[in-house]
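Okay, so subunit A shows up in both of these, paired with subunit B first and subunit C after.
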Partner chain A sequence: MVANLLIYGLVNSVVLMLTALGFSLTFGLSGVANFAHGGLYLLAGFLAWIFINSFGLPAALGMILAVIVVGILGALIYRFILMPVRGIVLSEVISTFAVGVAILEFFRWKGFVTYDFSLPVLVQGSVKISGVSIDYQRLLIIAIGLALALLLWFFTHHTRIGLALRGMSQDEYTALSVGIESDWAGMLSLALGAGLAGVAAVVILPLGIISINMGYDVLLIALAVTVLGGLESTTGLVVGSFFVGYAMVITSTYLGPQWGEVVYLGAIVLVLAVKPSGLFGKSKELEERV
Partner chain B sequence: MLKVKNLMVFFENALAVNDLSLEVNEGEVIGVFGSNSAGKTTLLNTIAGLTRHLKYREQRKGGMRITINGEIKYAGEEISRLKPSDRVARGIVLCRERHPVLRDNTVEENLKLGGYLRKDGEIRQSISSVYELFPALQKLKARKAGMLSGGEKEMVAIGMAMIAKPKLLLMDEPLLGLSPAMQHEVVRGVKEICRLGVTILISEQYARPIMPVIDRGYVIENGTMVVSGTGAELMENPEVKSAYFGA
Partner chain C sequence: MKKRIPVLVALFLSLSLLVSLAGCGQPAQSTAQNKIVLGVPTALGTVEGKDSLNSVNMAVDEINAAGGVEVGGKKYQLSVVSIDTREAEAGIPVNDALTAVDKLISQNKPNAIVVGAFRSEVLLASMDLVAKYKIPYITSIGMAPDYEKKIGENYDKYKYFFRMGLNSTYLVDYLNKTTGYIGKNFNFNKVYFMYQDVAWAKGTAAGVAAWAKSNGWTIVGQDSYPTGASDFSSSLAKAKAGGAQLIVPIFDMPQAGVLVKQAKSMQVPALLEGFISPVSAGNAWTTFNGEIDGFVNFVYEAGPIPLKNIPKSAAYNDAYAKKYGEDARVKLAGHGPGPAYDSVYVLVDAIKRANSLDSGNIVSALEKTDYDGVIGHIKFSKNHQVIYGENAKETASGLAFQWRAGKRVVVFPADAAESQIQLPQQ
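Then we have the complex of A and B:
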C-alpha cells in the first residue's frame, strides 16, 4: 500500500508538473498568463492523432510534428493576439482564454467527442518495482518530466537566449538597453510554453482516452500548481506539483476518486487565502499576477 | 558624433523635453545638468530609443499618447526611427538611472547579458576588462546582483553597458544615492572609460562631483536648455552655480 502510494504519487506529481510546465515557463519569462494552455495541450493531442491515424506517420514523428506546430501557434498567438494588448493583464487573460475555448470547441464541433481518440504508447510493457507494477509509459513520463525540468533550468541559467528571456522578464528596459527585443522575447516565451504543453500532451495522453473537457482540466491544474508554488518560481512549480500530486493520490485512495479534483481546487482557494503570493512566491501579490 | 536638433517630447500634453538641441563630439565627456524632472532621463531615453519603444507600446494598447519631434543624428545618420536594439548595435548604449541590475541573476550573468549582441569570445574578454576597471566586482561575481549595495550595483550597471561595447555611452545619474567614496570610484571609472576612447553623455543633478571629468555641460530646466558651456563657464553663472554646484 505504501509503496503503491509512493510510486503512483510520484507519477501523478510529475504528470501535474509536466502539465503545468509550459504555463509556468511562459508566465515566468513574459508575465503572460496563457489561458489558452489547455486548448494548446489538447490541440497537440488531436494533431498527433491526426498525423498518426489520418496521415499514417510513425507515432514518434507525428508527436514531434504536433509539438512543433503547437509551438509555432504559440508564437503566432503572441504576435497577433497578445501584442496589441500587451501589458493589459485582463485583456491578455481574456483573449488567450478565448483562443483556448475556440480550439476546444472547434474540435467538439468537428465531432472529436467519441471514445475513439487515443495516442499510442511509445514503449509497451511494464515492470514491478518493490511489488508495485508500473508500465514503461509512466516511467517514460517521469524521465521526460524530470529531464525537461533540468533542461529548462539549464536553458534559463546558462544560455544566451535563456538569460536574455530571464532578463526581459525581470526588467524590460534594462534588457532593451543591452539590445534584446521585447516582442521577440514575448514570441519566444509563448512558443516555448506552447511547445511544452504539446510535449506534456503527447507523453501523458497515451495513458487514456482524449476528451475535450481535459482541456479545461489542464488549465485548472496548471493554475492550481503554479498558484500554489508561486507563479514565477521554478522550485515552487516542482514543490507545488508534488504537494498537489501526493495530496490527490492520498485523498482518492482513502476517500474515493471523486475527491482527487477537490484537492487541487481546494488548494488554490486555501493558498490564495493564506499566502496570495504562493508558497514560494517572492514579492508580487496576486492582483499583479493573474 | 551625436547631434540632437529641436527635440520635443510630450507625454500626453505635458512637455518633458522642449525644443532641445545639443551636440556631442567624438571623445568628449558631456554633462547634462538639471534638477528633478527637468527632462534628463527623457532626453537620454529618447536618444537610446526607449521613449520610442514606450510610445509604440502605448499606442498599440490605446494608452498614453507620446509625441517625439525633432532630429537625432548619430554619425551622420538619422536614428529617431530605429529600434533600441539597432541603436545598441551602432554603439549607442544607455546605462539607466538608479543602477538597474537584474536582481535574481549573478553579477557575472548580468555582465554576460550586456554582451547579448556580441560574440562569446569577445564577451569573455570584455568581462575581464570590466573586472580590471572595477576590481571590486571580481570578488562579487557569483553574488546575486539584488544583494549588492547601491555603489556595487552601479558598477555592475556600468560594466553591463561597457560589455555592450559602446561608442557613445549614455549615463543617467550614475552618482545618484552613492556614498562619497563610491562616487569617487565611479568618477574614476568614467575617467578610465573616457581614456579608452568612449564618448560619454552623462546626466546629474549636482555637477560638482562629476565636474573634474566633464569637458562641456548643458543645463536644462523644465525640458529647456538654459545655459551651456565649459565647466568654468557654467561656474561663472551665479544662478547655475548656486543650483547645481551647491553654492
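Then we have the complex of A and C:
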C-alpha cells in the first residue's frame, strides 16, 4: 500500500504540476492571470482529436500541431483581447475568463458532449515497480512533467529571453528603459503558457476521455496549486503540486476520495489566510511584513 | 476606436455567456392550431438528453407521417418544443433549471411533457411547479424513488406525473440479481463499491451493499467520488490489497471511463460489474482502446441494443439508424432513449383512448396503459412508475451486457441473454 501511495502520489503530483505549469508561467513572466487556461487546455485536446480522427494525421503529429495552434492562439489572445486592457487587473481577469468560457461553451454548443472523444496513449502497456503496476503513459507524464519543469527553470533563469521576461514581470518601466518591449514579452508569455496548457492536455487526456467540464476543473486546479506555491515561483509550483498531490492521494486512501478534492480547495483558503503570497511567492511578501 | 474592438469582443463574449446561462440556448417554437404540443425540458448537453430528444422527435415524425392523432373527429399533428435546462453542468443551480421549465410551459403551453428532468434533484423540485399547470408529465431520466412516493402521498396534486424510465429501486434489484448470479457461479464473496457522490448513485450502492451484506458477502470497502474525479487508484489499490473479487462501480460522469482502464493497468484481478455511462455505447471499445474487456455494464432500459425478446427494439434501432445514421445509433445512451420514444406512443395511445385533450382524461387513460413498446410491456404501478422486471412480455425490461472482444454480449435478463457472464482473462 505504501509503494502504491508513493507511486500514484507522484503521478497525481506531476499531473497537477503539468496542469498548472502554463498558468503559473504566464503569471510569472507577464503578471497576467490567464483565466482562459482551462479553455485552452480543452481546446488542445479537442484539436488533437480532430487532427487525428478527422484529418487522419498520426497521433504524435496531431498532438504537436494542436499544441502549436493553441500556443499561437495564446499570442493572439494577448494581442487582441489583453493589450487594450493591459494593466487593469480586473479587466484582464474578466476578459480571459470570458475567452475561456467561450471556448468551452462553443464545444458544448457544437455537440462535443458525447463519450467518444479520447486521445490515444503514446505508449501502450504497463510495468511493475516495487510490486505496483503502472502504465507507460503515466510514466511518460512523470518524465515529461519533470523535464518541462527543469527546462522552464533553465529558460527563465539562464537564457537572455527568459531573463528579459522575468525582468519585465519584476519592473515593467525599468525593463522598458533597457529596451525590453513589454507587449512582445506579454505575447510570448501568453503563447508559452497556452502551449504548455496544450502539452498538459495531450499527455494527460489519453488517460480517459475529454469532457467539457474538465476545462473548469483544470482552471481551479491551476489556481489552487499556483496560489499555494506562490504565483510567480517555479519552485513554489513544484512544491505546491507535490504537497497537494500527495495530500490528495493520502486523504483519498485513508479518509475517502470525497475528501481528496476538499484538500486543494482547503489549501487555497489556508494559504491565503496565513501567507497570501504563497509558500514561495515574493510579489506581496514585503507588504505582508509591513 | 481600434483599441475598443477587443474590449467590445470581450463584452460580447461575456454577454453571450450570460444569455446562454439563462437557459435560452434553444429557441422555443410557437404553438399552432390543430397541434398537440409536447414539451421537452431537459439537459440537452448530455448524451442521455440529446438521444432522448432525438427519440421523441423520431416518434413524433412517425406518428405525423401516419396521419397524426384523431381526437373528437378532428385530426391533430404532434409538435415538439424543447429547452436546455443545463442542469447536468457544474454550477447550474436547481432554480435555473426550474426557470427554464417554467419558460417552456408558459410560452408554449404544451399539452404534455416528456423526457423531463435529468437530475433527480431537479425532477423532485419541478413537481410543484408543473403541478400548477396540471399537464401530464412522463419522465424518463431522473431516477429517485421519492418521485412516486410523492405521487402516492398526494395523489390529487401529483396525479399528472408518470415515470417511464427505470428508478433506483429497480436498478438495485437488477444489480442484486446479477451480483447473486456472480457469487453463486464463481464462488465470489468479497465485493468493493465505488460510486459517484450523487443521490441516485449513493442510494443504489447502499441498496446493493445492504443486500450483499445480508447474503453472505464481505464488503471490502466503499468509496464515493465527487463528480469530476478522474483518479481511482486509491480505491483500486485497496480493492486489490483486500482481495476483492467483484468491484461494483456506479457512475454517470464522463471521467469514470478512466476507472476500467486504470483497473486494467493496475492489474486488479476482480470482475467489474455495475454502471459506467461512458462505457455503455457501442463505440466504447474503440474509445477505450479495448481496455474494457470483461466489464459487465447495465443498460437501464431496453432500446439501445436490439433484443431478441422485444421485436420493437430491433425496429427502433433500424429507424434510429435510418433517421440519424448508424454512427448515432451505435452511440445511443444506456439510459433514456427507449423510454422517451415509448412515452410519445403511450401518450398518444392514452389521448386516443380518452378521445380528449383534457389533462384529467389523459391521466385516467394513462393509468390504464397496457402497451408493448421498445422497453418491453408497459403498465404503470399505482404510483405511476412503469413496472420493470425480467420478462419483457409482462413488464418493461432493462439489460446487462458484457464487453467481450469488442462486442456487447447481452447477459441479463435470461429472456434476452445471448450468453452467461464470464470471468475475463487476466
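Assume the second predicted complex is superposed on the first by the 283 of 290 C-alpha atoms of A that agree within 3 Å, B and C clash if a C-alpha of one lies under 4 Å from a C-alpha of the other, contacts with A are read in each partner's own complex, and residues count from 1 in each chain.
We adopt the following convention: contacts are C-beta pairs under 8 Å (C-beta built on N, C-alpha and C of every residue); 3 or more make two chains touch, one makes a residue touch a chain.
This structure is a prediction, so every number in the text was calculated from the model and none was measured.
Visitor: With both complexes superposed on chain A, which partner does A:126 reach: first (subunit B), second (subunit C), both or neither?
Guide: Touch status of A:126: second partner only.
Visitor: Considering only the touch criterion stated at the top, classify A:173 as touching first (subunit B), second (subunit C), both, or neither.
Guide: Only subunit B is touched by A:173; subunit C is not.
Visitor: Applying the document's definition of touch, where does A:155 land relative to subunit B and subunit C: first, second, both, or neither?
Guide: neither
Visitor: Can A:182 be said to touch subunit B (first), subunit C (second), both, or neither?
Guide: A:182 contacts subunit B only, not subunit C.
Visitor: Under the stated touch criterion, name the partner, subunit B or subunit C, that contacts more residues in subunit A.
Guide: C
Visitor: Where does A:83 make contact in the superposed view: on subunit B (first), on subunit C (second), on both, or on neither?
Guide: Once the two structures are laid over each other on A, A:83 reaches both partners.
Visitor: Return the residues of subunit A at which the contacts from subunit B and from subunit C coincide.
Guide: 83-85, 91
Visitor: Spell out the part of subunit B that touches subunit A in their complex, as residue ranges.
Guide: 48-50, 53, 57, 60-61, 83-85, 88-89, 93-96, 100-105, 109, 112-117, 120, 160-161, 164
Visitor: Which bits of subunit C are touching subunit A when the two form their complex?
Guide: Of all residues in subunit C, those touching subunit A are 3-7, 9-10, 13-14, 16-17, 20, 25, 45-47, 50, 89-91, 197, 223-226, 228-235, 237-238, 241, 253-255, 257-258, 261-262, 265-267, 277-278, 280-281, 283-284, 286-289, 331.
Visitor: Mind pulling up the subunit A residues that touch subunit B in the complex?
Guide: Those residues of subunit A that touch subunit B are 83-88, 91, 157, 160, 163-164, 166-167, 170-171, 173-182.
Visitor: Could you list, by residue number, the parts of subunit A that touch subunit C in their complex?
Guide: 1, 4-5, 8, 11-12, 15, 80-85, 91, 94-95, 98-99, 101-102, 105, 108-109, 111, 113-118, 120-121, 124, 126, 132-135, 138, 207-209, 211-214, 216-217, 249, 252-253, 256-258, 260-261
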